[in-house]
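Next come two complexes built around chain A: one with chain B, the other with chain C.
And then the complex of A and B:
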């Protein structure tokens, strides 16, 4: 019962956060000194495309729809929320007319999701492994060296590391491709290997940084936990080091990592956007960049709204499941 | 002060050293520049590093070394202003929320949580794209403050909440001290160490986010920042031309600056944690 109330409370907060995020997105185009619709029309005109007045009017109407600039402020807001939340429709892409924006997003989403998920997972496993081992003997030389490396890696932004990796492994030492080209028939081995090959450097730029953080935090956790009563008891009971580490210390070190993940999702998403752009990786980041370069405002509004909502949702989900996973917290 | 030098962790010194180098390069050297390094064709184009041009020149005829000092200066100033405003606003609102409680606490906490859930970069990209393709540095700074004050605020609120229940606060309260005095004399020392660490961290986040925006050409390309240097280098195919020093120098500067900032911030929080233990 109390658990239900807890979940309901969180869901209400989540709904409010989404409303807040949508409100921010709604007001952004209205804050600036210029009218985005006229700016967009000027851009189209300057690109040399001739349009007769009827066409211009039609385009203006569609842009006004996109930004929800018709009617009173309240009507605009209602239409805007309706468009995003209930119909999930952002109209046709202007640069790849008439492909719907949602279709482009659906094609890009698996790439971003796959990149973030696989690199987070790899970094998490490696980081926990190294962190546990070096936290077990925090003053040994190898563990100090490991921590030193981690401290030097963690503060570097993903896109800087992406740049360094691409300079080293695509320009100086040409082993990985400069830009992403995926080839091969669907579900063939060639396709899979080409995906892995092309995603390797973008993924590494995320893996290395996140790995650095896990090593730092898991090491600190482990070296504190192994001095606790329960760990000492296990040692006195004559359990092997390996068993103490995996059965006693690891579960306790894992729990706080979940809250960290909730705080990091936004930052990781930010980082992956730029990494994708630098590597021409066909995910959401590249789609946003294309939209910016082409002045495709339907696509821009769609990708940005969706990514804001996705990150907020992921953060809230992790926030929600954390207390459910921790057996020490009781919902009475 | 004496205890600071004997007890502070090694990483704090190392970080301070790195920061000192960056501050000398970015804070003092720009005054000595022979001319405005931003001006195109103020030097011969595409030079390799030499005695006259220490880090070579760009394809636009700019001296990379002096450009780097300007870029470092602008990036550091942006980071300091963003972190300063975020910390002041965050500490103030966090204290207000934790100390006052009630509806004020609930409203402020909601805004903190909501802002923490929203990714900054997409919003910045959207604004840049909508308003002429580039955001001026002051606007970037302002937006970064809006998105970064919740971090200190949340932490300060948590500290203030536990403080309200502590004995010595009660003692101070019953001996008739005013609440402003309690805030300043008794609660502030507890959050000062952590806030300093967070301040440094926000400098890092501020510089990093602006550079991310700049690397894809959406920050002000007319100002030299570390990110815009990378943008111009990529745009003029510095890599294909083998001009690794041009693109490499801002990259190395960012890496050293960020490692320095991180070492100082984590050293400070280690130290303030140790101090709290010893009390």
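And then the complex of A and C:
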């Protein structure tokens, strides 16, 4: 009963977050200075084609219709909600007209998803593992070395680290590609290896930056838990160090780490914007960047909405996993 | 079973702080020994030295604590100093901590915490058979079988303490050390748990060492009593004798401080400043 209430409450929060975010998203770009219709007309004009004013007016009207910019703000909002909720359609892209926004997003989403999922998991598992061991023996040499490395990595601004990696490994030593080029037929081994090859450096840059933070926080957790009474009791039962570490310290150390993971996912998503621009990585971040530069309302709306939904969903999934790991929340 | 010979125990390597100062006594088999004394008298430190828990800077400066046990499987006699007791833990010796909220792992079911650390000889049979034996054992403590599937936070303080006693006793050890096992409980629950501990000792014919500041607890269950004060043993002997005829001023004060059913608590303190 308690668990059901917990899940229901979490789902309500999830829905509210998304509704609120989408509403903000709808209004903010419309308060901005760029008018996409005029921008589009200017683009057509700049290509040198002559059009008489009547033709221009006609074109303007048809653009307003297709982009859903006609009518009052409230009418537009109603149409917007209608379109998103019932057909998951963000209309055509304005800058890459007439490709539908959803098609662009579906092409970019797996890239971002794969990059973030793999790098987050690698950093989290590696960081927890190293942090756990170095918290267990805080005075050993290897623990001190690991902590030193973590403390050195942790404060480096992400974009500097990414640039250094990119310059060293793609430009100076030419090991990894500077820009992303994918080769191979769909679902072939060549395609997979080419994706891994192209994603390696951006993923590493994220892993390195996040890793240090995990090591430091898990180490602090572990060395505190080691002094807890239940850890002492387990030791006085004559249990082996390995058993104490895996069955007593680790599960208790992981609980706050899972909360941190939920909090970090949002930040990681923001970070991926920079990653994708710096490494020319064809994901959602690069798409958002393009949309902002081009004043592409629909694309911006689509990409950011999807980011919000993705982050909210990931956070919710982690929140729902939490009671499985902590019996104190599961039953009272 | 355990002989403690002129042992001085304390903390720290460079600036050594003495907690137990030149203490000697023996712990025999099949008896209940109480160690009493105020906070800081060294009773818990002495108990840790006997158990062989030399962590957090605890060390023996001089003297010896030696244990003699009989290996149940081979029948051989094991004799070693308490610093090497580690492989006897949860086999020949077990321990009952003061059951605060955090002694049991909050993320592990009680059944697993009973089984964890159990010596091979007590694990016999399949998992189901072991569970049935544990459930039967817990029933003797007035705990139902569903306690095995509970997490620590679902149990009351008294239940948790009974679980801790049960965990230590289920090992079937020769020696059980209990550090203030009933201090956090109300007197009704306290009495119940003390009686259980006596019953277990009588059944297993092993040795129970009970550390407590509460003389009432010692009066109820111990056979022999050791009174500690400022790191030294000021008096030792049969519990009944000590209560009937206390020799040391400090002991007299401790006994006088007990609440009485009739009349006033003795106010005329013996020996000023004690």
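Rule of thumb we're sticking to: the second predicted complex is superposed on the first by the 270 of 332 C-alpha atoms of A that agree within 3 Å, B and C clash if a C-alpha of one lies under 4 Å from a C-alpha of the other, contacts with A are read in each partner's own complex, and residues count from 1 in each chain.
Just so it is clear, a residue touches a chain if its C-beta (ideal position, glycine included) is under 8 Å from a C-beta of that chain, and two chains touch if they have at least 3 such contacts.
What you see is a predicted model, and the numbers here were worked out from it, not measured in a lab.
After alignment on the shared chain A, the placement of chain B and chain C results in a side-by-side fit free of clashes. After overlaying the two complexes on the shared chain, residue contacts for A:144 are found with neither chain B nor chain C.
With both structures placed on the common chain, the touch criterion links A:247 to chain C but leaves chain B unconnected. In the superposed pair of complexes, A:274 makes contact with chain B only, with no contact to chain C.
Once chain A of one complex is fitted onto chain A of the other, the partner contacts of A:58 are absent, as it touches neither chain B nor chain C.
Legend: residue contacts after superposition of the two complexes on their common chain; A:233 is shown touching chain C, with no touch to chain B.
Put chain B and chain C next to each other and count what each touches on chain A; the higher total goes to B. In the overlay built on the shared chain, the residue A:292 is in contact with chain B alone; chain C does not reach it. Of the two partner chains, chain B is the only one that A:307 touches; chain C does not reach it.
With chain A as the common frame, chain A serves as the apex of an angle whose CA-centre rays point to chain B and chain C; its value is 80 degrees, to a multiple of 10. The gap separating chain B from chain C at its narrowest, counted between C-alpha atoms of the superposed chains, is 18 angstrom. Comparing which residues of chain A touch chain B with which touch chain C, the overlap is empty. Taken together, the chain A residues at the contact with chain C in this complex read 228-230, 232-239, 243, 247-248, 251-252, 255, 325-328, 331-332. For chain B in complex with chain A, the touching residues are 11, 110-111, 113-114, 116-123, 125-133, 204, 208-209, 211-212, 215-216, 218, 230, 239-240, 244, 247-248, 251, 254-255, 258-259, 261-263, 266.
Residue ranges of chain C in contact with chain A, taken from their complex: 51, 53, 55, 86-91, 94-95, 97, 100, 102-108, 116-117, 151, 153-154. Every residue of chain A that touches chain B in the complex is listed here, in rising order: 13, 16-17, 20-21, 24-25, 28-29, 31-34, 36, 39, 151-152, 154-157, 159-160, 163-164, 166-167, 171-172, 263, 266, 269-271, 273-274, 277-278, 288-289, 291-292, 295, 297, 300-301, 303-304, 307-308, 311-312, 315-316.
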